[in-house]
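Each of the two complexes below includes chain A, the first together with chain B, the second together with chain C.
And then the complex of A and B:
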C-alpha cells in the first residue's frame, strides 16, 4: 500500500469545511430551493385511525383561490410499490385505495399558487369516513403479534440452569414511550418534471434510495431522475425512507405540469416520517455472589404499523454485550393503527440498552459491587454469538478512563448518601456495545493539473461532518493540503452511496474514498511507468509515498514529482479513478467486526421536595476506532448525548388512546432538551483503528445517545434509592 | 468549501404567490427594510415575515422549524431586537429595520459571532444556526449574556435538535471575550 506521510490532515479538529456556508445562511436546504413558476402543496389528513373513506368532497377546495389541483385516492393514478431496500420494504405507496390505517394518514394533496392558498384549500376538503375501531395499544389482545420479526432471536446455553445456579436474580418490566425524531429541518420535497426527467430536492439521508424508489413508483428510468440533498436539516433516521409525502409531491408536480414544493408542518413531522416505537421489555439477570453472570433473558415488545416494516430488535443488545453463558433474547412486534415507526438515532439499542444497563445497575446494587467492576468482571473479549475476537474493542478503556475522568471513585455507593445543599447527588453509569453496520459504497476522485482534487459520492451530511472528514481523508490519502481538496456529496448523479444511517456511512464511504484515492495514485504511476523523464518510472504503488502534492519513492523524498508535473508533461488536464468498498464479512479474517463501544458517566441532581431532576455532568468515553476529526466526532457524541437526555427526561409522543390522534404534536408540547437542560460535557476517545477495514473507522453517530437513559436512571437511583423503569423520568416518578 | 448546486435556481424572488390570488384574499402593499435595502411588495395579507423573507425576497437564511413560534429557527432582528419571524405578519413590519443572517456582516466577512460558531463547531446540520446566531448577537447587544446561567436561559428559545448546546455556549462566551 502507498505510504501516507500527510497524516496531519486527519485527526485534529479541523473546522467544518461547510461552516462558512452554515453560519452565513448560504447553505441551501431542500426547502430553500425554488423554480420559476413554482407552486405549493398542502396535505389533508385522516381524522380517524381506522376505517374507509366513504366519500371525499373536494369541490370547495377545487374552487378556492389559486388552487390548481386536488388529488385523492379517487383521482390518483395507479402507482407501483417502492422497491425492497437494504432497510426492508418501502412504505406503502399512497392513495391506492380507500382504507385508513392510522390517524394523520395523507388522504389528499392540494396544489395552489401560494402556500397560504394551499393550506386554506386543504382545510376545505370534506371527508366522510366509515369508521372501525382502531387498535392502538400493544397489549390489545385483538392485535396481530409478529414473533421473531427479523430472525434475530437468540438462545444460548441453558437459561433455566443459569438462573438455578444464580445467587441473585434481578429484573422487571421496563417501558419506553414513542419518541419522535423531529429533526429541526421540516422535511421538504421540491419536485420538477421536464418530460420524463425529474429533479427532486429532498430532505433525505439517502439520495439513491429516493431515485430508485421514484423510478419504480412512477415507472420511469432511474437515469432520468436526479435527487439533490447537499444540506439536510438533520434526520436522525427520519430521512432514511422514501415516505408517502415525497411520492405525492412528485405526483402533484406531474399532474399540474409545474414544479411543486411541499414543506411538512411540525405536526406532520410526527405522523409522516417515522418515529422510535414504544417498547415493553421484560429482563431478568442472574449472577453469583461474586458477580459472574449466570443467565439473562430479555424480551422486547414494540409497536409497528398495520402494513409496514420497522427494524427494531430491542433485546438483541443483551445477546452480544456481556460474557454470560446462558442468554435468551426474543422480540415481538404488535401491529397497530399508528403511523409507521422507523429508525430513530440508535434504533433498538436506545430502548434495549435502557433495560439491560438499568438491570445491571440493580444487580450491582444487590451484590454490593461497584457497577463498573461488575461490567469489567463480565467483559466479553469475544463476540458472544460468533465466538470470535472483535476487530477492535477498547470498552475496558472506556470504563477505566471514563471513570477516572469522571471521578467515579468519589462515589459513595449508598443511595441518597451524597448531597449538595438541598440537592441529592447521584452518580450513574452505563456501558454501550453498538452493533457494526456497513454496506457497499462508491466514490470517484480526480486530480487536476493545478494540483487540486475533487472527490465525490452521493452520500449526505446530515450534520455528521461527512463533508469535512472526507475532505481530510482525501487530503491524507492523496498527500495534499486539505485546502486543495474539494469533497462533494448529496447528488444522486454522483457515485452510489448508501444511507447516512446505522453509523455505517463513515466506514463505507471512507473506505470507498480511500480506494478511489489509491486507484488514482495507481493511475499516475501508470502514466509514468515508461516515462524516462520521471523519477517514478516503473514504481509500484507499494513503493511510493505521497505528501506535499507529490508522489515519491518511499524513503527517498527527492525521487519523486508532483501530480501537476506529471499531468503537464503528459498533456493531461486531470486523472480520475473510482473506488468502492464492500463491508467486511462478519467473520472475515477470523474476527467479529466491531461497532463502536462506549461508557457513559452521569451526575444528576434531584430536588427531593420538588422532584426536579437535572443532569449536572456527563463524561462519555468512546471507542470509535480511528477518529478522523476530533472536533466533529466530539460533536456527534455530544449531540447524541443531548438526544439521550431528551429520551431520558423529556420525550414522549402521546397518542390519544381513543382516537389514535397524537395529542402533543408540536414543539410546545413535545418536549426536547433545550440549552438550559444540557450541561457542558466531556468526551474522550479511546482505542485505535479498527482492524476490519483499511481506513480503521467505526461510526460514532449513534453510540453517543445509547446508554444515556440508563446512566441517568442509575444516577437517579443512586441519588434517591428509586429505581425508575419507565421513560421519560418525570417529576411525578420522583415525588 | 462545498458549493451549492449551480444548476438550481434559488427561490424565485418575484414569488409565485403574488399572482393568481382571487379578489377575496386581501392583498396588502408593504415596504420592508431588510438589511438596509427597501423592498416594495404586494402580499397576501396572511404572509408572515418569515415567508416574505424566504419566498418573496429570496433570503432563505432564516429557517422554518415549526412555524409556531416554538423553535427559534426563524429568529431575525427588528430594530435590533429578536423576533420569531414565523409569528410576525409581514405587513406589521413596515418601517422597522429588519436584519437577517445575510445582513449580519457585510461583504462576505464573518461577524465575530459567526466566526466563533465556526471555530467551536456550534452546529451540526446547521439548520438552527442562523436563528442561534441572530439570538446570540441580540443577547449580547441587549447585555443579557452576562453569566453562564443567562446564556443558558436566554438561548433556550432556540432549539438545536442536533444538540450543539455546549458548543453554542462556548461560541457565545468566546465572542463576548473578544469584545
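And then the complex of A and C:
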C-alpha cells in the first residue's frame, strides 16, 4: 500500500469547505432551483384516518385563479410500486386507489402559477369520505401484530435460570413517544421532464434511490433521470426514502408539461416524511449481589403504518451491549392508521437504549454500586452474539475518560443528596454501543495537469461535513494540499453512493474514495512504468509515497516527480480512476465489525417545587474510530446531544386519540430544544482507527443522540429519587 | 390563504368606519397572530385594514399612570424606563412573552387581542370548535388537554388566553381606550374579556369595528414590589403552563395591598380576587401564601390532562409571592 507521509490533511478541525457557499447564499438547496415556466404544487390531505374517498369535488379548485391541474386518484395514471431498497420496501405509491390509511394522507395535488394560488385552490377541494374507525393505539386488540419483523429476535442461554440465579431483579415498562425528524429545511422537490428524461432536485439523503424509484414508478429508463441534491437542509432520516410527495411532484410535472416545484409545509413535515415511532418496552435485568448480570429480557412494541415497513428493532441493543450469558430480546410491530414511520437519527437505538440504560442505572442503585463500575464489570470484549472480538472497542476509555472529564467522582450516590440552593443536582450517565452499518459505495478520482484533483461520488452532505472530510481524506490519500482538492457530491450522474444514514456513509464513502485515490496513483505508475525519464519507472504501488503533489519512492523523496510532470510529459490532460468499497464481512476477518461506542455524562438541576428540569452540562466520550475532522465530528456529537435533550425533555408528536390527526404539527406546539435549553457540552474522542477497513473510520452521526435520554433520566433519579420511565420527562412528571 | 383586499388606513376615523361597515373586514397591526391564522385558514377576512401607519404609538407618563398607544410594540414598552422601574412584573412578562423578533413586530393592542393557541381552534380540518364554528362542539375537551385552561372554562370551550403581559395588566386594573363608529369609550381590562360560556366565539366586549387606541396602566405605589414567574416546558419560546403576576405593598411584615393575576390557567387573563382577599392585611408567610394559592385555584375545573395544573399553578403563585415578599433570596 502506498505510504502516506503527509497526513496533516486529516484530523485537525478544518473549517467546512462548503461554509463560504452557505453563508454567502451561493449554496443552492432544492427549493432554490427554478426553471423557465416553473409552476407550483400544493397538496390536499385526508382529514380522516381510515376509510374511503366516496367522492372528491375539484371543480372549485380547477376554476380558481392560476390553476393548471388538479390530480386525484380518479385522474392519476396507473403507477408502478417503488423497488425494494437497502432499507426495505418503498412507501406505497400514491393515488392508486380510493383508500385512506392515515390522517394527512395526500389525496390530491394542485398545480398553479404561484404557490399561494396552489395552496388556496387546494383548500377548495371538497371530499366526501366513507369513514371507518381508525386503529390508533398500539394496545388496540383489533390491530395486526407483526412478530419478529426483521428476524432479529434473539435468545441465548437460559433466561429463566438466569433470573433464578439473580440476587436482584429490576425493570419495568418504559415508553417513548412518536418523535418527528423536523430538519429545518422543508423537504422540497423540483421536477422537470424533457420527453422521457427527467431532472429532479430533491431534499434527499440518497439521490440514487430517488433515481431508481422514479424509474420504476414511471417506467422510464434510469439513464434518463438525473437527481440533484448538492445541498440539503438537514434530514435526520427524513430524506432516506422516496416519499409520495416526490412521486406526486414528478407526476404533476408530467401532467402539466411544465417544471413543478413542491415545498412541504411544516405541518406536512409531520405526516409526509416519516417519524420515529412510539415504543412500549418491557425490560428485566437480573444480577448477582456482586453486580454480574445473570439475565436480561427486553421486549419492544412499536407502531408501524398499515401498509409500510420500518426498521426499528428497539430491543436489539440489549443483546449486543453487555456480557450476560442469558438474554432474550423480542420485537413486535402493531399496524395502525398512522403516517408512515421511518428512520429518525438513532432509529431503534434511541428508544431501546433509554430502557436498557435506565434499567442498568436502577440495578446499580439497588446494588449500591457505581453505575460506571457496573458497566465495566459487565463489559463485553467480544460481540455477544458472534463470539468474535470487536474490530475496535474503546468503550472502557469512554467510561473512564468521560468520568474523569466530567468529575464523576464528586457524585454522592444518595439520591437527593446534592444541592445548589433551591435546585437539586443530579449526575447521570449511560453507555452506548452503536451498531455497525456499511453498504457498498463507489467514487471516482481525477488528477489534472495543473496538479489539482476532483473526487466525486453521488453521496449527500446533509449538514454532517461530508464535503469537508472527503476533501481532507482525498488530499491525504493523494498527497495534496486540501486547497488543491475539489470534492463533489449530490448528483446521481456521479458514481453510486448509498444513503447518508445508519452512521454508515463515512466509512462506505471514505473507503471508496481511498480506493479511488490508490487506483489513481496506480494509474500514474502505470503511465511511467516504462518511462526512462521517470524516477518512478517500474515502481510498484507499495514502493511509493505521496506528498506535496508528488509521487516518490518511499524513503527517498528526491526519487520522484509531480503529477503535473508526469501528465505533461505524456501529453495527458488528466488521469482518473474509480474506487469501490464493500462492507467488511464479520467472519471474514475473524472479528465483529464495530460501530461507534460512547459514554454520556449529564448533570441536571431540578426545582422540586415547580418541577423544572434543566440540563446543566453534558460530557460525551466517543469512540468513533479514526476521526477525520475533529471539528465536524464534534459538531455531529453536539448536534446529536441537542437532539437527545429534545428526546429526553421535549419532543412528543401528539396524535389526537379519536381522529388520528397530528395535534401539534407546528414548531410552536412540537417542542424541540432551543438555545436556552442547551447547556455546556463537551466532547472527547477516544480510541483509534478501526481495524475492519483501510480508512479506519466509524460513523458518528447517531451515537451523539443515543444515551442522552437515559443519562438525563438517570440524573433525574439521582437528583430526586424518582425513576422516570416515560419520555419526554416533563414538569408534570416531576411535581 | 383566502384572497383578501389590503387597505392602508390613513386616519383612525376612516379605519373604524371601513371595518365597522364591512363585517368581513379585520384590522392588521403587527400581524403576528392575524397573518398566521389567515395562512392556516382559521381566519378569512375579505379585507384587511392596515392600521400600522396610524398615530397610535408612543408612551406618555403621568405621576400615577402611563398611557401606551395601542401600536406600541412589546419591545418599545419593555424598553420604557418607567415600566422597568415602577412595573417590573410588566417588564418581566413582556420579555418572557415572546422572542425579540416577535416583540419587535407585535403591538400591545394586538397582544391583548391575541387568539387562542388551542390546537383544535387553529386547525380548520377539526370540525368541532365552538370558537371557530359556533355550535360545532369542542374537540379539545375530548382531545389532548395539557395546554388548556382550568379556570373560567365551560362545557363548550377550554381554550386558554395565552398572553403573558395581560396577566400583570389585569392585576393592575389597566384601562383600554376604545374608538368606535359612535365615539370613544373606556373599558377596564378586568371587564374586557368574556368567559366562553356558551358563546366561546365572543371573546371580549369589543363590537365589530371598535379599535383599541391606547392602554392606560396605573403605576404601583412606590413602596410596592412586583414579580412575574412563568413556568413552561422549555426555557424560552414557549407559552406558559402556569404563570403568576404579583404586586405587594407590605408594612412591618403585613401585606397591605395585593394584586394577583394568573396566566396559563384561565380562559381569560385571570385576576385572583379571592387570593387578594386572603393576602390583604395578612402576615406575609407560608401559611398566608398557601391559603392564597388555594383560594386562587378554588374554582378550578381540571380535566385529566390538566389536573397537574391545579397544583402547579398554586406552587407557581406561592413561589411568586415568596419572591415578592422577600422570603426567598
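By definition in this document, the second predicted complex is superposed on the first by the 735 of 735 C-alpha atoms of A that agree within 3 Å, B and C clash if a C-alpha of one lies under 4 Å from a C-alpha of the other, contacts with A are read in each partner's own complex, and residues count from 1 in each chain.
Here, a residue touches a chain if its C-beta (ideal position, glycine included) is under 8 Å from a C-beta of that chain, and two chains touch if they have at least 3 such contacts.
This is a predicted model, so every value here is computed, not measured.
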{"item": "Three-chain arrangement built on chain A, chain B and chain C clash or fit", "value": "fit"}
{"item": "Most chain A residues touched (candidates chain B, chain C)", "value": "B"}
{"item": "Touched partner set for A:650, first chain B, second chain C, both or neither", "value": "second"}
{"item": "Which superposed partner A:183 touches (first chain B, second chain C, both, neither)", "value": "first"}
{"item": "Where the C-alpha centre of chain A sits as vertex, the angle toward chain B and chain C in the overlay (nearest 10 degrees)", "value": "50"}
{"item": "Touching partner for A:286 - first (chain B), second (chain C), both, neither", "value": "neither"}
{"item": "Touched partner set for A:661, first chain B, second chain C, both or neither", "value": "second"}
{"item": "Touching partner for A:642 - first (chain B), second (chain C), both, neither", "value": "first"}
{"item": "Which superposed partner A:116 touches (first chain B, second chain C, both, neither)", "value": "both"}
{"item": "Contacts of A:676 with chain B and chain C, given as first, second, both or neither", "value": "both"}
{"item": "Touched partner set for A:30, first chain B, second chain C, both or neither", "value": "neither"}
{"item": "Minimum C-alpha separation between chain B and chain C after superposing on chain A, in Å", "value": "6"}
{"item": "Overlap of chain C and chain B interfaces on chain A (superposed complexes)", "value": "65, 116, 668, 673-677"}
{"item": "Residues of chain C that touch chain A when the two form their complex", "value": "1-3, 41, 117, 119-120, 123, 125-126, 139, 142-144, 146-147, 231, 233-238, 241, 308, 311-312, 315-316, 318-319, 328"}
{"item": "Contact set on chain A toward chain B in their complex", "value": "13, 15-29, 31-40, 65-66, 113-117, 182-186, 201, 228, 230-236, 263, 265-266, 462-465, 467, 486-489, 491, 631-632, 634-636, 638-643, 666-668, 672-681"}
{"item": "Sites on chain A touched by chain C in the complex", "value": "45, 47, 65, 116, 119-120, 123, 422, 609-612, 614, 649-650, 654, 656-659, 661, 663-664, 668-669, 671, 673-677, 730-732, 735"}
{"item": "Residues on chain B engaged by chain A in the complex (per definition of touch)", "value": "1-5, 8-12, 16-17, 19-22, 24-25, 44, 46-47, 51, 54-55, 59-68, 70-71, 73, 100-102, 104-105, 110, 114-115, 117-119, 121, 123-130, 133, 151-153, 155-169"}
